[in-house]
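For clarity, chains are labelled A, B and C in written order, and residue numbers in each chain start from 1.
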Amino acid sequence: MSGLKDAGHLFRFAGLFVLAFLVFLVVRSYVVPKTFGQYGHYRGASIGEIASRPIKFAGHQTCETCHTDISDIKTKGAHAHVNCEACHGALAAHADDPTTVTPVKPDTAVLCAQCHAASAAKPKDFPQVDPADHAGGVPCETCHNPHSPVVGSDSGASAGSDSSASAGAGSSAKTAKGGAK
Amino acid sequence: MSGVEGYIYPNEVTLYWSVLIVLYPFITGLVAGAFILASLERVFRVEAVKPTYRLALLTALAFLLDAPLPLQLHLGHPERSPEMYFTPHSTSAMAMFGYVYLWYLMAVLVFEIWLDYRRDIVLMSQQSKGVMRLIYKVMTLGSSNISERALHIDDKVGWIVTLVGIPSAFLLHGYVGFIFGSIKANPWWSSPLMPVVFIFSAMVSGIAAVMLLYMATTKLRGQKIDMRCVDTIAMYMFYIFIIDFSLEMLDLVHRIYEADESFRSLNFMVHTRLYIPHIVIQICLGTIAPLILLFLTQIVKLPEVVRKRIYATAGCLALVGVFAMRWNVVIGGQLFSKSFLGYTTYKMELVTREGLLAAAGLTILPLLFLWALVKLLPPWPDKSLHEAATGD
Amino acid sequence: MNISRRHLMILLPAAAVAWKHVLAGTPEDSPNYRMSEHWWGMLIDIPKCIGCGNCVRACQTENDVPDGFFRTWVERYHRSDIHLESPEVISPDGGKEGFPVVRAGEEGKFFFVPKMCNHCADSPCTQVCPVGATFITPDGVVLIDQKYCLGCAYCVQACPYGCRYIHPTKKVADKCTLCYHRITKGLTTACCEACPTGARQLADLKNPNDPIHEFLKTHTVQVLKPQMATGAKAFYNRLDGSVR
């Protein structure tokens, strides 16, 4: 009995611990987000937050709902599998509001060279030219229709023989699947 | 991209773990080391080191209070750090920090100091005046029982706490090593030896720090240094230092001999960017030099003055060496690219949140903590207190 | 290109409806998207990459990636015939503006390697996060909860591929989300949308009709740093042994 009395101060110290632990539990129940642990050790609601971020690239399916004339030409040409926004840039703003947001036409002299300027580092079967040598300063679109670039194939007759067409096989399948989701 | 050599992944240009993260294992190391020294007296009955017992405990507490500050300062969102307590991720070594830290702070250090000082606290709560009286009153937790039996219970419990404290000290610092050692992406860190090396170097630095503090405070108080105590501390430091050095060399030799895919890159780094901090400061100046000095004191019978100077020099060098070791681990581990094809540079800022000034401040801060603690709980026998306590 | 004519046509409302449909919904309330039905990855077809940097630019536009940091980047390897294990690699500004021209006849092999978060199934980065601010979703995408992240940078240290960084102004970890806001709405990622050659293809491993299955059957596919055993889901077609 006196032993317990002489250890009384230890119980006071232990009491402090228990008190702190209880306070911790109460605070914890308030501050931990409600969705924490919904799917795993994280805030479940954050998935929805990340998924609802704004989209900048509308996706070629959206473009094609209006620009059927272009897509008709493009699907038969060597650029069939180059998506619209690969060259025209992110245009979700235009899809949102087509009348007030109008895209700027890309400068072919810069744009085409980004892909087609010759370099030994590029795959051998990819069509490439030395821009200065090839056209001598004449804009690319003078001879090539960017939507169906092989010369004399504006109607799209010669499409498919070009290597870049085979290169895009997977991408078209992918986007088709995207629509099916 | 100045300071980049060869090819590094573009996101690797910036180093995210700065000098503050160097400081953090250094400071926790001092805590662990100081505590181990205190436990020498308490658990292993090494009577010679008794004069440093209380000082070692207070030193450990002062540095432990400082330890989370560099981490806090380094976080991008310090206000979110309580999340570590509320939703600790069980697979993260870092998440355990909060709990190990709290356990060590409250259940081990504070408890042990409280038990050891309880008699003094009660006496001071009766003798002091004003605010101090109130502080001491609060510290007694409302119990002024300092009967023979109560103190005997305190002594027994204190012994158990110290016993629990030793593995806790190992845990506290071992897990710091594990934070680095478990990163498989980084070959400079990834090693099961890392926690062990961290613990032993921590013991070296902690013992050196307490020894220096003991010598300095004794001098400041105009007292005579207890040479038997300092000799014993130096001996323990020497032996632990040998283990630490062997482990570090084992790690080094193993890396050199295995020469895996990362070796060429790391080897180049050690011979260029890390040459001064690693080879010169850590190994030569901070390890081999103090080892030789301590070895001399063990085999040659030197006069007291020389021994004191040697201990002071060796202690300082050991602290520098252990700090350099932390630097080389933390900073060195981020200087090379995980592509093993290039290197970046660490540019320490001066007055930013993670700069040199903040680091210097956080190194001095524990000494201020210690000063306050010593004022509050004098570690050396207080004559007036003893005279007043007639029962003693 | 008859814009005025198109404006008068009734196509516009239809397109707007289609577009609004795309924009609708989060995983919680969208009836079209169920997380349990997907397991996302990415196919990267090295022989098709021309190093144009379109993906890097598109990613930066779509995700507001700060300058000097990269959720995706492109590397150009030069693997000489003698030193197979120590290639020369460059990635000027992450390849955002393309690469310097290589003259014909240079010694060794040149090729481009697009890099991005591998969305590892056993990711070392989510393992080390102390608070659960980064995680893998039930549909296999490694995401960061930037409202919960401490900014401790432990995940940055743990990623073997250098895919993470601390956002310079938000002070939290940041990296590729696999355009989670797009793929949950039936769109492909921004980098895939912008890639002119189909060198990047979003892959849904749980979708039996996904061309990835046929591709994996017929090609030699590897992941980066397989020795790291991270369960990486960025699959590289014809990955050279010198790539790291």
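Throughout what follows, a residue touches a chain if its C-beta (ideal position, glycine included) is under 8 Å from a C-beta of that chain, and two chains touch if they have at least 3 such contacts.
From a predicted model like this one, the values you see are computed outputs, not experimental measurements.
Chain nearest the geometric middle of the protein is C, using mean C-alpha positions.
Across A-B and B-C, it is B-C that has more C-beta pairs touching. The centroid of the Cα atoms in subunit A and the matching centroid in subunit C are 8 Å apart. For the pair subunit A and subunit B, the distance between mean C-alpha positions equals 48 Å. Inter-chain spacing, taken between the CA centroids of subunit B and subunit C, is 43 Å. In subunit C, the residues that reach two or more other chains under the touch definition are 132-133, 148. Of all residues in subunit B, those that touch two or more other chains are 87, 89.
Residue numbers of subunit A whose C-beta contacts span two or more other chains: 36, 41. Looking at the complex, you find that subunit B touches subunit A at residues 82, 85-87, 89-90, 106-107, 111, 114, 118, 140-143, 145, 147, 149-150, 153, 157.
Interface residues of subunit C, counted against subunit B in their complex, comprise 68-70, 73, 75, 86-91, 93-94, 115, 124, 127-133, 148-154, 156-166, 170-172, 228, 244. Touching subunit C in their complex are the following residues of subunit A: 33, 36, 39-43, 46-62, 65-70, 81-83, 85-87, 89-90, 95-96, 98-99, 114-115, 117-123, 126, 164, 167-175, 177-181.
By the touch criterion given at the top, residues 1-2, 6-7, 11-12, 14-15, 18-19, 22-23, 26-28, 32-33, 35, 43, 45, 47-54, 58, 61-62, 76, 78, 98-99, 101-106, 110-112, 132-138, 143, 145, 147-148, 177, 180-182, 184-188, 190, 192-199, 201-202, 204, 207, 209-211, 215 of subunit C touch subunit A in their complex.
Chain contact summary for the complex, subunit A toward subunit B: residues 2-3, 5-10, 12-13, 16-17, 24, 27-28, 31-32, 36, 41.
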